[in-house]
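Chains here go by letter, A, B and C, matching the order in which they are written, and residues are numbered from 1 within each.
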Amino acid sequence: MPRSFVSIDELTNDEIEAVFQLADRFLDEMATSGKPFRIQGRCELAQEHILATIFHEPSTRTRLSFETAMLRMGGNIISCADARSSSSSKGETIADAVRVLENYADVIVIRHPFEGAARVASEYTDVPVINAGDGSHEHPTQTLCDLYTLRVARGDQQGKRGAEVLKDLNVVLRGDLQHGRTVHSLAYALARFGARILPDPAPGCGFPDHVRRRLARDYNCYPLNKKEIDELSDAAFPADVLYLTPEEPHQLALMPDVVDVWLRLSKKQQKAVRGIKSVDAFYATRLQLERLEPGEDVADYPAIDSEFLKQRRYRNSRVLHPLPRVDELSYDIDRDKRSIYFEQAAYGVPVRMALVAALLELEPSVLQNASPASSYAQYSHANGVRCSNKRCVTRQESEQRYLVSKYWIVDERDLTLRCAYCDYEQEVLVVSRASTHKYTTDVAHWRDIDSKDLVLFADEHDAVEAGYQAKKRQTRSARSAK
Amino acid sequence: MPRSFVSIDELTNDEIEAVFQLADRFLDEMATSGKPFRIQGRCELAQEHILATIFHEPSTRTRLSFETAMLRMGGNIISCADARSSSSSKGETIADAVRVLENYADVIVIRHPFEGAARVASEYTDVPVINAGDGSHEHPTQTLCDLYTLRVARGDQQGKRGAEVLKDLNVVLRGDLQHGRTVHSLAYALARFGARILPDPAPGCGFPDHVRRRLARDYNCYPLNKKEIDELSDAAFPADVLYLTPEEPHQLALMPDVVDVWLRLSKKQQKAVRGIKSVDAFYATRLQLERLEPGEDVADYPAIDSEFLKQRRYRNSRVLHPLPRVDELSYDIDRDKRSIYFEQAAYGVPVRMALVAALLELEPSVLQNASPASSYAQYSHANGVRCSNKRCVTRQESEQRYLVSKYWIVDERDLTLRCAYCDYEQEVLVVSRASTHKYTTDVAHWRDIDSKDLVLFADEHDAVEAGYQAKKRQTRSARSAK
Amino acid sequence: MPRSFVSIDELTNDEIEAVFQLADRFLDEMATSGKPFRIQGRCELAQEHILATIFHEPSTRTRLSFETAMLRMGGNIISCADARSSSSSKGETIADAVRVLENYADVIVIRHPFEGAARVASEYTDVPVINAGDGSHEHPTQTLCDLYTLRVARGDQQGKRGAEVLKDLNVVLRGDLQHGRTVHSLAYALARFGARILPDPAPGCGFPDHVRRRLARDYNCYPLNKKEIDELSDAAFPADVLYLTPEEPHQLALMPDVVDVWLRLSKKQQKAVRGIKSVDAFYATRLQLERLEPGEDVADYPAIDSEFLKQRRYRNSRVLHPLPRVDELSYDIDRDKRSIYFEQAAYGVPVRMALVAALLELEPSVLQNASPASSYAQYSHANGVRCSNKRCVTRQESEQRYLVSKYWIVDERDLTLRCAYCDYEQEVLVVSRASTHKYTTDVAHWRDIDSKDLVLFADEHDAVEAGYQAKKRQTRSARSAK
């Protein structure tokens, strides 16, 4: 099976660095003098290959940067810029679409409103799938470009290249941290590379629960709150919370709640946090208006302008933004040297060239042989729990024709599941046996049931609806009779 | 004039086989091991050429398969994926559109909601036009792919290639035989190659009249009904009707009705029909919801699932579908070896490569010098009969600026006309002279009128509206006076 | 900075001729025998380059002719055929869009509904921008194709090539001269090359004021009215007005009104006008329905048909049309040799090839080093006058985030400004000082104010709204007191 790139998790840190080094090489060989961030000309690396861009939501930037990346490598493009109005309007499913497309293209780039759509696509085709955004879920190639931009900026400062420059970076994530998929993928990636995340959300637009939980669970990245920070830090802090990744990943692995992070930090880390005075980078995002609920509104959206950047502690802070912007970045900082959002857009081309070349194996030994394996056990059953995320691909009528829910058991004690498609988490309250159609709310003993016979429900109501019955409680007399 | 491909009738059986042999060659040279149905890489056959895809109705599959076909031959693409919203919204006609496009592209692939639109396009340009679907009329390149898939599947069974393997094939056509254009073109093609057609339509979705009449008139393909079949056949039959093409094409040519087909079959044919026990292929189609009249609905749509395919007599039946499917093919047969609908989609590329190469004359001697000539006489006049099909291109306001109706006289005795654009048939009830503006309902003597002076009307009302007057009947006394 | 092509004024006459000679060469080398107007095959001139077509309004013809032009030169294409529904729907500005795109493409072709949009684009990017139509403003590449077509047609008659054949041509501009952007650019160009313009508009669809004023002011092109013409000319005249460009450009430069043009003509010119009997070309245009105000309608739209062309004085008149047509050109003249509108469409390819090659500097010495400089002084201030054209890019909410109005002072005496984006003109009635926030309606002395301190308003109301106060009039006593 070919490697796909559906989530930022599908590349190891080493692989990300290998992709970045290939992007470096493309820039070295193809950028012109004076614009070291811009690929020009054409090489012939992909001349035997076709890349398909299938966009069910509109996009200019992402689609065109993939197409340019492919063309600059001598490859060809087929494109469906408005896939909503074509086959899917005739009821075509994601699985069918990719099983047809794999005969037309050597790699498929897909954007889709259903969360988990790109994962489904990758499971049904034998060519690499690249996720160009699935609802509010992930947009991992944007994250690669973001990381690459930070890596170049920081590397230029430090006179070196390589992803290790990302370690200990202080990155403020600003604006809509709730709906913005780019910012979720980026947070995970920053945690993995050991950067510190300083969230500065618009009112009511903080990280959603599932992101916070995943930061903790998968990446050991925990928040210190403002009070804790203020006590520790000797400078006013540009965020209410600071996310930290302890150096020993496993020591916090099973913590249900975030409490005494500080105590678990090494001396060195404690010292580093105390010393945080500056912000290395602001990552600003626009309000994802199109993902708000009807009637929902956001006031006091945080903006960056030349006045803001005059603060001394920001004098070396880079400003990034995935673009397009609305009002959160003033045009008066466009010519400021710290503003690197247009270079960031430019890096979309070499980074996507490198990714496509890696997935198509046009360059040997960029990727390992297999995707990194998950450390969680999997649960799947045609009945039982359904994902609590209404925008999840498993909840869509068209896809339910063939798609069976699938979960990672991320907490074996409390029996918490994470949807393998959209990453929403939920607790299981009812455990049942498919063979007997009996259920119990005593979740603790779920391991006693053979995995093939195990059916899990979110609550009793769902279990009853699916035709399951509560296991009779043994009455006191019955038990004494024994 | 270049050859176009507007109707499956525009290629002779020999030419179809020549196109298929070229597709074979592309697969031999470019398919990778393990996926003999999939073209990969790029050859340089069409590197001097541009193909335009102009789609006035949405499509992913057809458009992208043409584009891939062209790119795999080293050619280039220009595309208008949503032509509705561009020039045609400013009132541009089909004739003008192609006369501009011929300066930009070497071959034009067009999909259009008006029935007969591709024919009009081909008449107004000096580059080849390929019909990628015109309303409910035809979709002949889909038919080529369908035939090629049957030919490969059957050929693999019989250890030989070549279109002769299509002869005597028993093909069940299932689902929406009324609105589905692919299934009409396929029926004609199957008849031409001597296959037997077993229609199994959804309730109320049988072949429309004009298709049945054309099957009979043009291809000598007549139905036996279930009762007749049951008497003859020694097995329960998977269809209510069986369409048969007699071996001697001319013996039934002028039959107005289908009655005693059986008596006209040769001994050998009678024997063959008696022996029909198995189905070689199911060709399933989705309900063409977008072509139903408002309020129209279809219940009990026939579906194929793994249970259905367990029947013994279907054990060697291939399952085809032009895709996208809705509910008529269960996902549980996707991995069944008999399911070849994804291969069928894959064959779209080599078959369209071969067709484009043939029309552009990139490969010599695939096509003959001229299109096969019609055996019918033509009738055309600015006044008179107008096509009875409301979706016919000749009925559209924009196209009436320049387009004059044109008909084939398919029945010279009953004076039945077939629209040269959309193939609808209608009887003529009024015959008139343009020079005198007199008409008569005595149709039998239409040949007495010189063809330049001949004007035909569907009924008296139309004739009167067009300013024609009834010829006075000679009264008995007047006649006696002579 | 690279050269862009936003307005026909950005190429000098010599440069236009150089572009045309390159187009000639492409046709000589690539057109096939029998179709000298049609480019075929592919050269490798642009194989290192990508052209982006970004269309915020639908188009087939213009977009595809650019794409074909690029592909025929071996280049590549990225395309956004419906840019409205992508990033700009998320609030992206023109400035941001091009600053991202410049990293993906080597040249940007943009169509946009905002008038002046392409100018804005060209100011914010370091790659060449080509205006493919900005509202009702300009469509300069269409004008190049129109001129080239006239040049070829006239040159063939006269046995020579070269733009000098455009001089003294009598060109009737017909139809919608009000909303049609192509016809505005063409009028300017015809004036520059010394052709005579004979407007024949549909009722109520004459040249708008700003076009008439620009013809006079910039190109010394003035109208004679019908009465004047009738007195001079010895033939019935096909237009009510005739626009003439005097041979000595500067003699009329500062004329506020058009009066006695005749007197200023040279003897030779007077003789030429007297001798006008024939029309060299009709340039017909469709009614720009999509640009009418709601409720607006146009009756008696002038049409050309075979009857019309039978008039003796039109026996050598060529018929051009930018297409698509509606009813203003009858289909019955399509085969008339004088009808050259399809050749005109064909010339779109070689002319656009030449333009792109010139802007990308693929061919040396087609263009001079710099754009021709304006002869007017510039005025710009964040406060003050705003453009009177509601469709001007400077009036759009999204663009006001960064865009400051900018004007050419086209009449220094009456202080008339022309918007540097959309070319609308307006008179200034109020002059003020930014430093004191005082204004006066005494416009005559505006030069007394230092240009950095100068703020201009259209009227007092606007000045007051912007927080400015009328300068107190010195009373008689106050003055005597001095």
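The criterion applied here is as follows: a residue touches a chain if its C-beta (ideal position, glycine included) is under 8 Å from a C-beta of that chain, and two chains touch if they have at least 3 such contacts.
The structure displayed is predicted, hence computed values, not measured ones.
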item	value
Equivalent-chain rotation between subunit B and subunit A, CA atoms, steps of 5 degrees	120
Same-site or different-site touching of subunit A by its copy subunit C, using the half cut	different
CA centroid of subunit A to CA centroid of subunit C, Å	49
Junction residues of subunit B, two or more chains touched	79, 81-82
Sites on subunit C touched by subunit A in the complex	47-48, 50, 52, 54, 76, 78-83, 85-87, 89-92, 95-97, 99-106, 401-402
Contact footprint of subunit C on subunit A as seen in their complex	37-42, 58-61, 64-65, 67-68, 71-72, 77, 79, 81-82, 286, 289-290, 323-327, 331, 334, 342, 345-346, 348-349
